[in-house]
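Two complexes, one shared chain (chain A), two partners (chain B, chain C).
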Partner chain A sequence: MAPPDTATAAKTIELPGGSGDEREELISGSEAIAHACRLADVDVITAYPIRPYDTVMQYVSQMISNGDFDCEFIVAESEHSQFEIVKHASAVGARVFCGSSGVGWFYAFEALAVTAGLRIPMVAMVGNRALDDPGAFGVEHNDALAVRDLGWMLAWVATAQEALDTALIAYRVAEDPRIFLPCAISCDGAFLTHSQAIVKVPSKEMVDSFLPPYDRGEKQLHPDNPITIAPQVNEDWLMEMRQQNDKAMRRAREVIIEAYDDFEAKFGRGGEPFIERYMMDDAEIVLVGMGTLALPVKVAVRKMRGQGKKVGFLRVRWFRPFPTIELQDALSGVQAVGVIDRDYGFGSPFHSGVLANELRSALYPVENPPKVVSFIAGLGGREVSIDNVVEIAGMTYDAANDSLDDQDTHWIGVRE
Partner chain B sequence: MLDENTDRNQESFEDYLSTQVLDPWKGPKKVPAEEYYTSGHRTCQGCESAQLMKLMAKAGGPRSIILGSTGCMYVANTTYYSTPWAVPWMHTQLGSAGSSAVGTAAGLRAMMRKGKMAKEPINVIAVCGDGGGADMGLSAISAALQHTQYNLLILMYDNESYANTDIQVSGSSPWGANSTFSPPGSARRIMNRRWKKNTAAMLAAGHPDCKYVATVNTAYPVDTMNMVRKALTIGGPTFIHSLDPCPKGWDYDPMYSHELGELAVETGIWPLYEVEEGKLKMCGKSRRIVSGQFKRKPVREYLTRQGRFAHFIDEDFDYFQAKIDDMWEKWLIPGVIPFAEA
Partner chain C sequence: MSTGSVEVVYRGIFQKTLAKNICRGIVFAARKEGKIGTAFGRYGDSPERNGIPAKQFAVVSDTEEELEEHLAKYEPVNNDVTIAADDALCKGIESWAWYGLQPINKLLGDGGTLLVTSIQSPNKLIKTIHRKGTPYNLAIVKAQASFSGLWAYKDDHTDVRLLGALAKVAPHIVSLDAMLEAIRDQWNDDLKVAAAKRAYEATESTPVGVDQGNDEVPFSFDLPGWTKMEEGLVIRGMDAKPQDVPGRDGGYVPTRNEVFKKFSTRTMRPVINFDTCTKCTLCWLNCPDTCFDITPDGFYDANMEACCGCGVCEAVCPVKDCVTMVNEEAFEDNDSQWEMWTKDKEGYLAWLTKNITERPARSHGYHHVGQYAEEIADGTA
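Coming up: the complex of A and B.
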């Protein structure tokens, strides 16, 4: 490959405060991810409107039109094209960003499958939204969860700060040559995409010290490297290639840990990579969930702690790779676990939510495993109230005391 | 800031990526011997789409990236460990010819502008069949033709059916053709009652900023290569529609592929033309049909050579002939624009 023409080097944006500083801004989760795209110097972004994710593209387009960010910004004619365009841009070596919500994510489903199959390190934002029909703007996790077995890494974030930080970490992990897998960051529709909070926005210099440039290496499609990508393989080779994806996903765990360690060293934050433990130390029962559910659950846990109940909360931050080891470690001594799924798994074992059944599977080899009770709550963006959480904790205690069948699934907050 | 020479669709002159200047080859003896589409493909004997791939790769030359959407030219053509491509090639999804070209061109443009890749004009060519182009991928191709900031060519190889999956009817199949989804039977002789989509003209008429749309046929290989070269040189998104006789789908002896291509033009079924920067030019024998120098041959001469029309009775031939006659005698622009002033 010929050396880059330095005369046309990328413009970098200086933030007030100068190199090495972070600036505090009151921004939404979507705007936080737009900042991450700018700081990562993404080359190609494609947009298509659907609520609630599309706010990120509104912020991105503003940054571009104001001269703060230099990238190809393409408004596609469908989500399928949106994801196909960036997939191909990534194949020639460009860093890319994309996103969608609900049925939009599903309209792109074919593209999502091949993106993982092709080992394209796309980073996408899913503004989690209920699937049609009937229409609902609010959050459900079934959209992003649908790609869970295809080779996408999946992160769920709870705050705007975590959205920005995770997007930067996602680029580093996805583009690591040991991985080369796409990564989707799930942000709960409205609760995170549209809610503002104080966020530390790092400088470009800080991000550059953490995130190396994307180098597609020998897989880059270019006339200097006339390779044939994804020819028809049939039964001769497909299984070997599927196993390569499996091995990449297995390696992702270590690469994610490395990235969080380095992020902590450079930015002084990040926390435990895969799970967040909240008041877990002496917990008898633990509630488990993903995303912005953390907010009401933490308030409820503090309230119950005040009443002497030993309740903890565990937030799953990465769903793929699934944090099996961390969950076994964190939950093996607990009496009962109440999993609050903001999704559904019609016809699944025990008719439980997706997270609940994944957790049951992860805890199967543990000696004296906790009872795992599945709760379905907050669908379509319905608020999960503190009273709901207290009710869930009470039922989880009942399961611990054998007065509630832990193999049943309970819908919370449903009108009669 | 903008002077009269500024292309207002470009954000700035610095953004503008020039194209390779690929001058036309004046006759077969001037065509270079180098091939970029070589041995290794597994297409049928007499496959005109494979011929089109060879001509397209030769016309584009070594500094090209080819995107191939699902179809014959993927499944039968591009197999692991025996790729025929000596230029970089990547698979794209059935409906993604337009998106793959836009994405590739956008990636190159961004990286060259930002100094992440050496600046150089690279041809971006996406190929699709009639199923991928005229049916599933139409909206993505339409969108691609609006992105005037990217240099790309979408080449549709139209063998008039989903030929790779067992010959199923497409929106580009001719009226009445026998296919595995439109078999003539004892109760219904004609299953495919859709008239073939007028894809090239529809795209030319609908995308006035697109600088080049053409129809080709590989029975005229030098013309075909020169039209590919013109499409790649002119800049912006361009589209070429090729009618490719298919021995398997059309049911004829493979030795007659070129002859059928010529007959498609001579009967007036396949008009050859190019729309260049808003100007229509009829090409080859189609020009002589319009000027009256060449009398169209009866469609029966073309249709009776193919097994897919073997069930036709006289009324079917008459219907087909009348539709073709309308095309040249009643259309606003003969062979191209299918309506007339009221």
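Coming up: the complex of A and C.
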């Protein structure tokens, strides 16, 4: 299928190892995800409007009506049905895409919770959004994080390019028969879903060389393959089933690494699979975060580096499977780590953010582990300013020097 | 130092309150003697569906520590008494909680007593019960199965009669005096106390030897480990190639699950008058469990391994008295009615007529004041 005509002037880029053309387009994170759906030739897409996820629907339906994309596009009557429909479509062998935001994601929770157990390789986009009421459209990560223990793979992306690339990688990993687990790609509401950037959109041929067709094999629900999926099991079977899920999630790590290697070979980009290391080499303190937070943090880090402060930034790209090994490797030897959570964990250990506590747990076996300070910032889409990041870095230094309690959690940019 | 445990097997929904009253009655009575106890349902049986066999237990101990030791396992497996609140359960029970048919005496300890409400003789009942590797006793409280609804409890004294009988067969768990005192406390009704006492006096036990009973070996099953189980909770379908009906052009014999039979759900079964059947197909079309086998001569034979006793076929049959639901306890096997009819039409008609005319009513509680006294007088209570 030919790439869609757009108003943006397209230009051909020479790529190392590339087997076809890529076109540059000025698109948002949501549009990048829609392109990934088109390029992956997704069979069934379900939709139910909620901001900011609904922008994906708009782009997908536009592509379909322009004749650039052919798929079953079903507008369901709720998020619950939306996720149920793709769950079943995937069981009969269709490549599927779905998504939601905030409370919409939560409304689908019954379906979300069982998708991993049924080994449905659904790829979903979460347009991260605060859980309202009170009404709030802005980004918080608690929506996507809610599935973190249920067998979903979870990636957080920082740019529209990364959104497109990660969606393609997500299909390859999720549909790998060694895995068969759903994968959600988290895109920060507004900052990513609604911001346009120059994105390299690969050709269908390039994507085909990377992404094999979905083959459910013996698990495909079909009259010629009579099977029952998920009967009543009770205590006699459930623990074995959960154990299988656990093993699949453990295997995901290697499959993700393989996919990034191949993506790098075919597209000439991709980077380190699980984390992004920014100015980490000689860092004394490191700031850690996910998603579009990278932008102000990188600017602030450069600014502080200019002042002689050895500050680095580590962006967590995959939250599930959690990059324990990479984080141990990157952060042991560092004096203190400041984790900026765009989420909250009320009543959790140290009242910290979710990422901070996961990181503390990952660093527990490390010899002389760094101090881990938890910061809560940018909730509900509030700006995390460069000054905020500088303040966070200063407090992380204080923790390194024992002048700040690292077992407390600090709310940044909140009015008293 | 001692612990006693009682298993109550009952029909889900129809007898839930009955089972609860029995188990609570045991614990209250034991309390009168200074013991401590607990009453609980086997969770795996939920959700209870119409007539699905379900279980509740009562455990009583001399001390709290002893009780805890007994409760720190999934369910009591060596019960002093197993109570079956419907004698049709003696044919074995299937539920959501295990695989295949479980013998009614499976969780009964050595030398324990199976206590059943029934109007059948012990010998007739023993024939339907799976053999147990060890001797046990069978005690019968003369009564029809007492069924009611989930929210309405029709009090026909089955609860206190079973409690009175329990004091007789297991005095080490609770004495008659304590039981009567507890019943008086709970119900404040002299008639219920009298009913319990009467059942105590009337209940006799029959010893059942290891070589008595149904010698069918119950289905057993090894649960696979996670490395053997198919991932994604996929269960392969059976090789379900419908077979042709022997000697007939058209129709097919459906494939049925060898293991999951469903018939223990049944408290009544349809009997069919093939002499009046018009072969209209309505029973075959409407049976929710696809129970009807097409016979070579074009009749519809309800397969009794598969029938759950819902009564739909009786309701849809357009011919008067052609399909009649009859109490399950009247039957000893699941044999084909059509085969019986084909072999001996007159004999079959006699068998059919007897079953239809002599079928006892199912008790759904007393319909009028004084019915209990009447039943005592006519010997049915």
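Convention: the second predicted complex is superposed on the first by the 397 of 416 C-alpha atoms of A that agree within 3 Å, B and C clash if a C-alpha of one lies under 4 Å from a C-alpha of the other, contacts with A are read in each partner's own complex, and residues count from 1 in each chain.
By definition in this document, a contact is a pair of C-beta atoms (placed from the backbone, for glycine too) under 8 Å apart; a residue touches a chain by one contact, two chains touch by 3 or more.
Quick caveat: nothing in here was measured; it's all calculated off a predicted structure.
Contacts of A:222 after superposition: chain B is touched, whereas chain C is not reached.
In the superposed pair of complexes, A:180 makes contact with chain C only, with no contact to chain B. Legend: residue contacts after superposition of the two complexes on their common chain; A:236 is shown touching both chain B and chain C.
In the superposed model, A:244 makes contact with chain C only, not with chain B. In the superposition on chain A, the chain among chain B and chain C reaching more residues of chain A is B. With both structures placed on the common chain, the touch criterion links A:92 to chain B but leaves chain C unconnected. Of the two partner chains, chain C is the only one that A:119 touches; chain B does not reach it.
Annotation: chain A residues 226-233, 236-237 touch chain B in one complex and chain C in the other.
Interface of chain A with chain C (complex): residues 117-120, 180, 218-219, 226-237, 240-241, 243-244, 247-248. Residues 1-11, 41, 43-44, 46, 70-72, 74, 76-78, 80-81, 84-94, 96, 110-111, 114, 213, 221-223, 225-233, 236-237 of chain A are the ones touching chain B in the complex.
Interface residues of chain B facing chain A in the complex, by the touch rule stated above, are 14, 62-65, 67, 74-75, 78-80, 83, 85-93, 95-96, 98-104, 106-120, 122, 139-140, 142-143, 147. The part of chain C that touches chain A in the complex is made up of residues 44, 96-97, 99, 223-226, 229-238, 240.
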